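Take a look at the structures listed below.
Look for subunit A in each of the two complexes below; its partner is subunit B in the first and subunit C in the second.
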Partner chain A sequence: MTLTLTRPRSVARQVLPGGPPQGRTLGYLFLVPAGLLYAGFVLWPLAQSLYLSLTDWDGASPDRRFVGLANFRRLLGDDLFWRSLGHNLIWVVVGTALTMGVALLLAMLVWSRPRGFTALRTIYFMPQVLPAIIVGIVWSWIYNPAFGILNRALEAVGLESWTRGWLGDPSFALYAVLLASVWATVGLAFVIFTAALHNVDTDLIDAARVDGANGWQRFRHVVIPQLSNAITLVVVLLLVHGFQAFDHVWIMTKGGPDDATQLIATYTYQKAFMENEVGYGATLSLVLTAISLLVSIAVVRVRERA
Partner chain B sequence: MNTPSRRDLFRGGGLAAAALTLSACGWGRTEPSGTGTGTGAARPGLKVWDQFTTSPQNEAVKKIYDRFQGAAIARSAQTGDQLTTVGKTALASGTGPDVIYYQVGAGNAGVLADAGLLRPLDDVAAKYGWLDRLTPFAIREASLDGKLYGLPNESENTVLFYNKTLIEKAGLTVPETFDELLTFVAAATKKGYTPIAYGQSDVYPSWWAFSMMAGNLAGAQPMGDLIFDNKGSWNTPQLVEAIQLFFVDLVKAGGFIKDLNSLGGPDAQSLFLAGKALMNLNGTWAVGTIEKDMPGQEIGIMAMPSVNGGPRVYPGGIGSAYYISAKSANADLAAEFLDSLYQPEAVKLWVQEGKIFPPVPFESGGFTLTPLQELAMGVAQNGGGDARANIGYAVNHGLASPGFLKAMTSGFQAVVAGDKTPAKQAEELQKAWEAGLTS
Partner chain C sequence: MTITVKTARYLILLLFALLFVMPFLWIWFSALKSTAEINQDPFGVPATLHWENLAEAWTTGRFGSYIGNSVLYAAFVVPLVTAFSCLAGYALGTRRLPGERLIFGAFLVGIMIPFQSIMIPQYYLVRDLGILGTYWGVIVPSVALGLAFGVFLMRAFFRGLPEEISNAARIDGASEWRVFTRIILPLARPGIITLVVLQFMFTWNMFLIPLLYGQDEGLRPISTGIMFFVGEYSVDRSMIAAGVTLASIPIIALYLLLQRHFIQGMTAGALK
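Take a look at the complex of A and B:
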């Protein structure tokens, strides 16, 4: 008896590069709805922004005068733009470091699933689900110089000299708003780290312990490398969030006092919608998008190489 | 229990999708948003967007709009900030409101008028005789480039409210001069009170304060000439002194809460309402709230105390005005609606229930007014003396551009923080003013 081995038809289909033509067409058809949405809600507005950035449109007039690159030239000499960008960098660096640190610390503390883990996880994540308006209002109350709990608490423990108008002092306002934002953001990073820690190979930790590694060494050289993907994800999310930060600042200070909390996003809104300079506002928003994109790509590349 | 089949689920889904589609098309909705007041489906519809979101104005406005029988009013009440953001695109789209209640001034309604989004109302004013009824300063406020564009409303003044009951209890007297005010605030602080409830973390309170001081120092009419006709400048010695006195000297004397840059206008008012502050820098638009929340307290109204024997000026102005969209298909109806707003019965509702004074003459004999309303009305009529000398202008009106407004807000915050001198601030105001005129 002779046995002839033939490849099943289904297998033959799978190995054909790119699949059969009709399969590819069907695949592209499945992409159409998402593609249309993306084109309509991302690419088209982006193209419109680019167009508006080349005009001096005030947001109301039917005339959109073409001004070429004048808005971009103006931006280079705009002190408030550079000041806002500086604030954004502080926001991104300090905010990312603080959020990462706190979230990782909290995730490590509950890694062993202590009693009340579910309640703690809910409490830590709770600020993340609160609307930005609630976060802004609550923290404005906390910082309120007349009846805010922070100053009252400082007075109660004998630290009267530390009390101040947190949101009204140009030296502290940015950090005060940033703290509120970190509080609101840390929950998401915490959940991601908690999930990532769940997949950490504890045998490696035990092996390191047997080899004499202390707690810090086990954390630094065994746990952290296994969290690298989660760390990359959280860093990118925080960077993008940091460059796009708007809501908490707008609710709490509107960029004041004396532009001490002005970020590029708030400056963009102010120019486009309050000062009727939509063309210049579009320019600012494009620059913000470019910076955010470049930084995110750079971070991912660096992490991948590491 | 029957389990629904897959076909049943598809049918249900189809029905839900159809319902959603229909609702998205507007089926089943009687008004676009806000608080609808109109009745009578047979009447044509008129979309009106206004800013009367708070009590008691909101309730009064509902009654005033309901009086109009010419159309079913689809009303949407939004905050000023919201209208500033969405008003432009709504009007430009042609599907926005027929009538919009918008802030006056070159930086606000002026932008809409320049874009051809507002209908000039000179012919309407002539037809209904508005020019004979409206007060001249109100016409000036609602006009742009010599044309009347809006029906002005809310004749209001910036004032200092004072709690006479508390001041007497503290053994103090109401200051008449700026020197007395400096003594007053020091004494009030010693007695544990916040002398003046004022905070400038919001964008607008410093405009009110500067309007008061500028009026006292530079005079009512010169300020009007500067604000509306660009006659003069913002960096004069008088205006530098106005900035110095309020934003430096009064701050140093302890006139306000220590961290006034971090206190918003409503929070400052709360200090006054709670009896923790003796005075409140505010406007006559707050009369209703103060009456409601401070029963049993005797409240007075005064202008900023006199400086070196000069006049005491109540900056006055028009909060906003009703404008008709240039794209409204119901312009005649909209004009008829506007005219109905100042008919005698409507005026009574504005004053008595809305606590708002429309800028038209009216006999208040038949009205029921509270003592504080009487005071506010007296201020609106003649500023407690000679209307020409004692009723001034708001620095954020007239030709003030958005850039100038921002220069005031952030600049006065910087002066209070000690980061900018009054002279520098005056200089920057002049620069922002000039930039606004040429843009």
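Take a look at the complex of A and C:
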């Protein structure tokens, strides 16, 4: 009995140190379809954007004139680029704070898995599975100055002076789109926090209560430290999403009014595909690539240390 | 816990539930109203329910053909991504190939960067290959982009499977291919289902890819289809609401049926 159970393992050690030669060939064969497609349509374009950023190509002319670092110099002096980057920073900071706050609050409230927990989780997570176009349209309607429910609701409670065309007002548009985006992503953060809270050691909380810690102190000094992994994860997710944000903005405002909602991603799209400045567009896209890689690598480092 | 605290808690929870669900109910309900009724009173109850809005959106609004395209894209992209990811994930997860770390690292880059990092050269690649303006022009880039996450997910899954079973089959004389199809794939079913569900959602919801590669009227899936419809007929609100309803019902129905996979899959995706 023991013999038959151990035999495969010992054979495995003999046969598979690095895989048998014929198994290796098969392994490489298995990699071919994914490898070719991925190399051709993802890695090769990634390398090409480096090259394109050194040209002033317009997307149509046969020659791609090499201009050295001219696009990068232009980038440094491009006010709209810095404004877009600033919008991305607002997006990341405000969006992260809001999402974390709401998700943590909701997760704490359902910690004890009260009746209706599954139904609530289903509902909170639902916007997450929807196409951005639907989120965009729904929120454009909510903000609509003529028939939107936001203005109607403000009128109903006597705040007529607050009503406005939310997406048409340069000082509010960015926050209006951001709110829609937060609404659509809060469910994911909530689910991650709920799962993490499930593993929190409740004995520690009881001990803290016995020691006289009040609710806030227990939350701040006992619960939060145990959630640190989940919090890091959510912050990173929101950071990456925040810098890459495109869909909701493009659908609701296309970067307007007066570039008030222009983000790096929308600005890149606009330059490359609407104004045919392919070389400069590629330069802008490299900024996105660099930020994304930096954030991801920083995360891996932080995780390894933890 | 006291009754009042409990009540307060439920009140907050329900308030947020309303906040997440109301916008949909509002639009779905608007789909059954006339445009005049929507403009007049957004909360109002219509005189009669205009079910014909949905039929009209399906035919006149061409949402039927947009949904048809979305289904077609999903029908190609989801199986291709799943099959290629299983093959590559198995190779990278269990075969201990020389160069494996480098290859896996290359796939990881694809998870870290956004589509915008590659879209510009990719667009001209698709154009130069002569597939811009065809269904393949949307399908091929979508498959390539789906692979990074697919390979990552399946590799992790295959690594977690015990080796003893497949080795036992090898000793009994099963070929490597047979081991893969008869033993490994059935064991990996939960992972495959998660990938299928997520990839379906990504494909159904994709926006920027068809915006770039599916600009022709006949190629538009539901997401960009609605956007162009809104651009052209922004005053026809009941039709827009009907389109939104038609586009959201399939994905929401699927979500309600398979929510465990959605939630687990997206959390696993987040943990990447």
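Basically, the second predicted complex is superposed on the first by the 249 of 306 C-alpha atoms of A that agree within 3 Å, B and C clash if a C-alpha of one lies under 4 Å from a C-alpha of the other, contacts with A are read in each partner's own complex, and residues count from 1 in each chain.
The criterion applied here is as follows: a residue touches a chain if its C-beta (ideal position, glycine included) is under 8 Å from a C-beta of that chain, and two chains touch if they have at least 3 such contacts.
Everything numeric in this text was worked out from a predicted model, so none of it was measured.
*Asks:* Per the contact definition in the header, classify A:A146: touching subunit B only (first), subunit C only (second), both, or neither.
*Replies:* Both partners, subunit B and subunit C.
*Asks:* What is the contact status of A:L26 with respect to subunit B (first) and subunit C (second): first, second, both, or neither?
*Replies:* second
*Asks:* I want to verify the contact counts: of subunit B and subunit C, which reaches more residues of subunit A?
*Replies:* Looking at subunit B versus subunit C, the one contacting more residues of subunit A is C.
*Asks:* Tell me which partner A:W183 touches in the superposition: subunit B (first), subunit C (second), both or neither.
*Replies:* second
*Asks:* Going by the contact rule set out at the top, does A:T289 touch subunit B (first), subunit C (second), both, or neither?
*Replies:* second
*Asks:* First (subunit B), second (subunit C), both or neither: which does A:G215 touch?
*Replies:* Neither partner.
*Asks:* If we overlay the two complexes on their shared chain A, which of subunit B and subunit C does A:G158 touch? Say first, second, both or neither.
*Replies:* In the superposition, A:G158 contacts neither subunit B nor subunit C.
*Asks:* Who does A:T253 touch here: subunit B (first), subunit C (second), both, or neither?
*Replies:* A:T253 sits against subunit B, while subunit C stays out of touch.
*Asks:* Is A:L37 touching anything from subunit B or subunit C once the two structures are fitted on A? First, second, both or neither.
*Replies:* second
*Asks:* Looking at A:I133, would you say it contacts subunit B, subunit C, both, or neither? Reply first, second, both or neither.
*Replies:* After superposition on chain A, A:I133 lies in contact with subunit C alone.
*Asks:* Using the superposition on A, tell me which residues of subunit A are in contact with subunit B and, in the other complex, with subunit C.
*Replies:* In subunit A, positions 59, 146, 273 sit in both the subunit B and subunit C interfaces.
*Asks:* If we count contacts the way the header does, which residues on subunit B are in touch with subunit A in the complex?
*Replies:* Touch residues, subunit B against subunit A: 84-85, 88-89, 91-92, 107, 111-112, 114-117, 194, 201-203, 257-264, 267, 270-271, 276, 401-403, 406, 409-411, 413-414, 417, 419-420.
*Asks:* Would you mind writing out the residues of subunit C in touch with subunit A in their complex?
*Replies:* Going through subunit C, the ones touching subunit A are 9-10, 12-13, 16-17, 19-21, 23-24, 26-27, 30, 38-40, 42-43, 83-85, 87-88, 90-92, 95-98, 103, 106-107, 109-110, 112-114, 116-125, 140-141, 143-145, 147-148, 150-151, 163-164, 167-168, 170-171, 176-177, 201, 204-205, 207-208, 211-212, 222-224, 226-227, 230, 237, 240, 244, 247-248, 251-252, 255-256, 259, 262-263, 266-267, 270-271.
*Asks:* Can you list the subunit A residues touching subunit B in their complex?
*Replies:* Residues of subunit A touching subunit B: 58-62, 140, 143-146, 164-170, 173, 253-254, 256-259, 270, 273-276.
*Asks:* Spell out the part of subunit A that touches subunit C in their complex, as residue ranges.
*Replies:* Counting only subunit A, the residues touching subunit C are 7-9, 11-12, 15-16, 18-19, 22-24, 26-28, 30-31, 33-35, 37-46, 48-49, 52, 59, 102, 105-106, 109-110, 114, 116, 120-134, 137-139, 141-142, 146-149, 152, 183, 187-188, 191-192, 195, 233, 237, 240, 243-244, 246-247, 250-251, 265, 268-269, 272-273, 278, 281-282, 285-286, 288-289, 292-293, 296.
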